[in-house]
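Presented below are the structures under discussion, each in the form of structure tokens.
Below, subunit A partners subunit B and then partners subunit C, in two separate complexes.
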Partner chain A sequence: MDLVVQSLVLGILLGGLYALLAAGLTLYFGVMRVVMIAHSAFLILAAYLAWWFTSTTGLDPLLSLLFTVPLFFVTGVFVQRVLIARLKPATLTMMSVLLTFAIALMIEGMLGFVFSGTQRRIQLPYSGASFEIFGARIAVVKLIAFALAAVALAALYLVLKATRFGQSLRATIQNSEAAALVGIDTKKVAGYGFGVGLATAAVGGTALALDATIYPSLHWHWIGPLMAIIVVGGLGSVPGAAAAAMVLGVSQSLLQIPMGTTWAQTIFYIVLFATLVFRPHGFFGGRLAQRF
Partner chain B sequence: MRNASDTTSTRSTDRGDSPVVRVIRGVQILAVIAAAVGVLVFPLTGPGPFILSVGVVILSYACMATGWNFVGGFTGYISLGHAAFTGLGGYAVGLLILRADVPPWVALVLAGLIVAALSVPIGFASLRVRGASFVIMSLALVLIMLLVFQSWSDVTGGSNGLRVPRPFGPEVLRPEQHERFYYLHVALLVIMLVVWWAIDRSRFGAGLKAIREDEDKAQSLGIPTFNYKLSVYVISAFFTALAGGLYALWFGFLDPIFQFSILTGSYMVLMSLLGGIRSLLGPALGAAIVGYAIEFFKAQYGDTQFHLVALGLLLGLVVLFMPEGILPSLGRLVDRLRPSATSIREESAEDLANKNAAAEPRAQDPEETETVLVDDNGRHL
Partner chain C sequence: MSVKTHTNRSIRGWIAIMAAGGLLALAGCGIDEPSESGDGDAGADSSDGAEGEDPIQIGISLPLTGDFSEPGKGVQRGYEAWASYVNENGGLLGRDVELTILDDQSNADRVASDYEKLINQDGVDLVFGPFSTRLVVPAAQVAMDYGFLFVEPAGAAEEVFNQGFTNLFYAAPAVAQDHYNYLAEHIEAMPEGERPQTAAYAAMDDPFAQGTAYGLKEKLEAMGVETVADEVYPPNTTDFSSIAAKIEASDADIIVGGTQYQDAVNLIIALQQLGYQPDLAAFSTAPTNPEFAAAIGDKTEGILSPTGYTPESTYPTNAEFVEFFNQEHGSEPTEDEANAWTTGQVVAAAVEGVGCADPSPECQGQLIDWLRNNEVETVVGPLTWDAEGRPQGAHLVQQYVDGEITIVLPDDAKEAEFIYPKPEW
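After this line comes the complex of A and B, so read on.
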């Protein structure tokens, strides 16, 4: 029983991180109909930057957010305005996948080149600390990572719902032509949407670096589950992505008890296959799924 | 991207009897013959075992890329996960020989058929969606295969790998092996090219190309789009698996990390795109260029991850600046020499008016699809 509670709590903590990252992916897809394969590569890049920041300055990795978040935002705007916008609209979806895939390869290669393929891990004074709740033992770093993801997700939600920028972003996602007609500069909004999406990768990467061992090719282990989450959630819906992330994160964690770590990962792909066979639109009200 | 109607217009100029056209055709045919002879004679020039093995690797890439192009070229569905089929083909060959004592060449054909059978349910699930979702599915396929073949170590050998016995006896030395496999790969490539060519000219191929240009319109014209897509997907899986199986017999060792690698799948895409996915020889040409570049980078930079950066950069540049590939770009360059492209028009005003009328709705195509999308959203809302 303790084991189940433990897995459940760990699953929720993992699901939070998945939810944040899937929200970023949903933003790219929403504003540009672009599936950003490089999202998880940027995630690992941010984790490496956090590790590098801590190992050179000795400060807390959370402080690296002060420069990675703006840096990633600017990079996102750049990627959208300079690279993605160049692609022809008729083949945008396919070609953008290949283009972001190329970016992912370059990031992985550069990370391997600069930091070598050695596995890295941040050592913190509170790395080993943990506490007990309902018989489950939770590491403090995992909780911090979850809190970080939750705060970022809440901030994203507030920006989308309460600000003028968020309103124009949502309008662009819903119908970019109509948004342009009522005077929204959709190109600019799309660029900023990309920037915000990439900023979630910066936050997620720092959260990941807190309690995970990182290596350059780690991003392939993230992109599969994340892609599964956004398809299951129904592409284009942030709440859908968050809900699917939670459900799948918890399922993965619970399935680890009977099946072991490796086989539990297959849950993402099984659910992905099932979703596409039975409900290609996804489960959580994605309205954009069919036409992309 | 060009529209299907463009090809018909260039083809009609081919039939003109102007000497320039004949010269161009002659040069094209000579170039293909020269390339074919070059490929066939290469092992006889005494290149040495290492260079010959590079030749086998490049030919293997050419087989994989051409196999990939059955789906990518005809239907426009970009699969980043075809490494799943090469890997499955390789493992099927290895396991059939080791566990079922099947003779190697029978095992190779059986492996192709098994993978083709497996690709039916896989294709059924993944071809239900288009565009990016399809790419996601294809990536997921490789990742899931990697997981399965690493974890299921009782059967597959897991991360320790699987040693595939050589099909030739011990009396055949390594250079001799390379040479035999070189010609086996050439034979496989020729078979694939003939099949591709036959499909290209058939009604089936026309239907597939209609799917590439506009799937909804193709369906409304009565093409059974799903069956067509699934059929060509299975054909592609079969040939890709044969290429993987042949490679496994040559290389003699299988490791899940390399067999089910996303990199292999992306090599196939890069090669085909670079050469030109709409042309018969495009993927093979792309394989020759990229394959050579990969071997060169590996020799120059060895174990560093720099070859990933080079691959990514190359893929990005091709996608941004040459999404149609080398052969179509060359074709357009040659088209300028053709009579129809001279400054004096040889077409009547009526022809021109028809052409413009045909070109106009085409120019608006992106907006058109965009509007459909909006309509669709509206309905779903």
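After this line comes the complex of A and C, so read on.
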């Protein structure tokens, strides 16, 4: 029984992290029908920047967010305006896979070149610290990562719902031609949307770095599960991705008790497969997936 | 050293195809040029010059890119250091040695065709083995087809030795299953009441890592230590909190990890987060890595690891090796580099013992027979082999004592006393 409670708690914490890591990915597709293979590479880049920041300054890795978030936002706008905007609309989805795949390889190669392939981990005084609640142990670093995810996703939700930019962005997601007709500068909005997506990667990468050993090729392990999450959640839907992330994180953690690690990992692909067969537009995302 | 297994059918399939394309493109840019071809006559056959003047050509394929690139480059440094050491000290049989190193991109098909090319087209006199079990097996097969002696630095798993190779010798102290032998003997020698009663095992689904943990498991079970958790995880696992939860729930007295690097670090921290306090914690590979203490912080005390090599060891040729390597690279050699150097020493001993170094089946056959019947003095200790090529030694066991990784077993090599039960982490 203890083990079930413990696994449930671990699953919820893991699901929160998944939700944050997947949020940007679903946004890119929602706004621009871009499949952003490099999203997880940017996560690892942010994790490396947090590690580098902490090992050179000795300060807490969370402070690195002060410069990585603006940096990633600007990089995102730049990538969208300079690279992705040049792809032909008719083949955008397909070509964006190739383009962002190249970006992912470049980031991986650059990380290996600059920081070497040595596996790194941020050493925190509280990395092994935990406290007990209802018979389950909660690690401090995992709770911080979860809190970061909650704050970042809430902020993203507020931006999308309550600001003028958010309205323009959602209008662009729903129907970009109509949005342009009512006077929204959809190109600019798409650029900023991409920037916001990449800014979530900065937060996600830092959260990841708190409790993970990182190395340049780590991003390949992440992109598959994250893609599965956004398809199950409905492409383009941030709340959908968050809900799918939570469901998959908790199921993975609980299934590990009877099935072991190897088979528990397949839950992502089983659910992905089932979603594509029975509900190809995902559970939250409306009709976007049909164009995928 | 981690090996990535991609499981997604759709997206990852794409990635794999494009990754393969990318690597091919990279290869086209010339990374698989021979990295040390001397005067440019790497392809020359040794028989077209006078004996004693031509360099001895040694063919090698290594994973310089791809999954095993980090250890692959370590092996490369070891081989190259050995070659320049030999050449500075009068060569082998009075001839210089010259290495031809190809890049197999960590790919098992590629490694076979590399050795095929080295033996057939380049006409090398000798071959040295590649890195890792998965590449050693196909490479050894090619070498055996041509009757070549095959000494390798990094194929420790049982499946290397049960393929029926008659030409293979592993240039290290022990096979994976025997890494923990000294620890098992030590536990067996404990008084009945002090021995651990229960054990938890966590092993990567990898022949080498799993071999180390299961070698100890077999011996502990035979002496009555009950297995209460036995977790196997795929090499791409990064989240260890659920595995740690199962181990914590089993409340085992000791934890044994068949690990590489990141998995051990992540598992240890996940166990610490759950407040699990074992009496003994043993993990393969990771604790001997210099980065380990930086990752775990001040919570390493008492963690055990088997090791095939330390720069401090007092075997006869080791001091020269460490000094020479330090001069060349400005750092102390690691296990990968030491095993590569050992490979060089083993082949050199056979060549000096028999007095020949050419690709003819007679010479290669004599080299193989010589190694079957002789002991070789190396930087990892004196080596002898059984008929399948398993070295007949065991690994030293190291433990973190006062924050330093220190040899604690066996008794005649120890630098500090074995600590049991280990302090809390």
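Just so it is clear, the second predicted complex is superposed on the first by the 290 of 292 C-alpha atoms of A that agree within 3 Å, B and C clash if a C-alpha of one lies under 4 Å from a C-alpha of the other, contacts with A are read in each partner's own complex, and residues count from 1 in each chain.
Assume contacts are C-beta pairs under 8 Å (C-beta built on N, C-alpha and C of every residue); 3 or more make two chains touch, one makes a residue touch a chain.
Keep in mind that this is a model prediction, so the values were computed, not measured.
Asker: Name the contact category of A:R86: first (subunit B only), second (subunit C only), both, or neither.
Answerer: So A:R86 only meets subunit B here.
Asker: Regarding the shared-chain residue A:N175, is it in contact with subunit B (first), subunit C (second), both, or neither?
Answerer: Touch partner of A:N175: subunit B, not subunit C.
Asker: Give one of first, second, both or neither to describe whether A:Y269 is in contact with subunit B, with subunit C, with both, or with none.
Answerer: both
Asker: If we overlay the two complexes on their shared chain A, which of subunit B and subunit C does A:V97 touch? Say first, second, both or neither.
Answerer: The answer is both, since A:V97 touches subunit B and subunit C.
Asker: Return first, second, both or neither, reflecting whether A:M227 touches subunit B, subunit C, both chains, or no partner chain.
Answerer: In the superposition, A:M227 touches subunit B and subunit C alike.
Asker: Based on the superposed arrangement, let me know which partner A:K142 touches: subunit B (first), subunit C (second), both, or neither?
Answerer: second
Asker: With both complexes overlaid on chain A, does A:T118 touch subunit B (first), subunit C (second), both or neither?
Answerer: It touches subunit C, and subunit B stays clear.
Asker: Could you look at A:M106 and tell me whether it touches subunit B, subunit C, both or neither (first, second, both, neither)?
Answerer: In the superposed model, A:M106 contacts subunit B only, not subunit C.
Asker: Of all the subunit A residues, which ones make contact with subunit B and with subunit C?
Answerer: Shared contact residues on subunit A (touching subunit B in one complex, subunit C in the other): 37, 97-98, 101, 105, 117, 220, 223-224, 227-228, 260, 262, 265-266, 268-269, 272-273.
Asker: Mind listing the subunit C positions that touch subunit A in their complex?
Answerer: Touch list, subunit C to subunit A: 2, 4, 6-12, 14-15, 18, 22, 69-70, 205, 231-234, 236-239, 241-243, 245-246, 248-249, 261-262, 265-266, 269-270, 272-275, 291, 294-297, 299, 425.
Asker: Sort out for me which residues of subunit A touch subunit B in the complex.
Answerer: 29, 33-35, 37, 83, 86-91, 93-99, 101-106, 108-113, 117, 174-175, 177-178, 216, 220, 223-224, 227-228, 231, 235, 260, 262-263, 265-266, 268-269, 272-273, 276-277, 280, 287-292
Asker: Hey, which residues of subunit A end up touching subunit C in the complex?
Answerer: Against subunit C, the touching part of subunit A is residues 2-3, 6-7, 10-11, 13-14, 37, 97-98, 101, 105, 117-121, 123-125, 127-130, 132, 137, 139, 141-142, 211-213, 215, 217-218, 220-221, 223-224, 227-228, 252-253, 256-257, 260-262, 264-266, 268-269, 272-273.
Asker: Contact residues on subunit B for subunit A in the complex?
Answerer: So the residues of subunit B in touch with subunit A come to 1, 76, 78, 80, 124-126, 128-133, 135-137, 139-140, 143-144, 147-148, 150-151, 262-263, 266, 269, 273, 304-313, 315-316, 319-320, 323, 365-366, 369-374, 376-377, 380-381.
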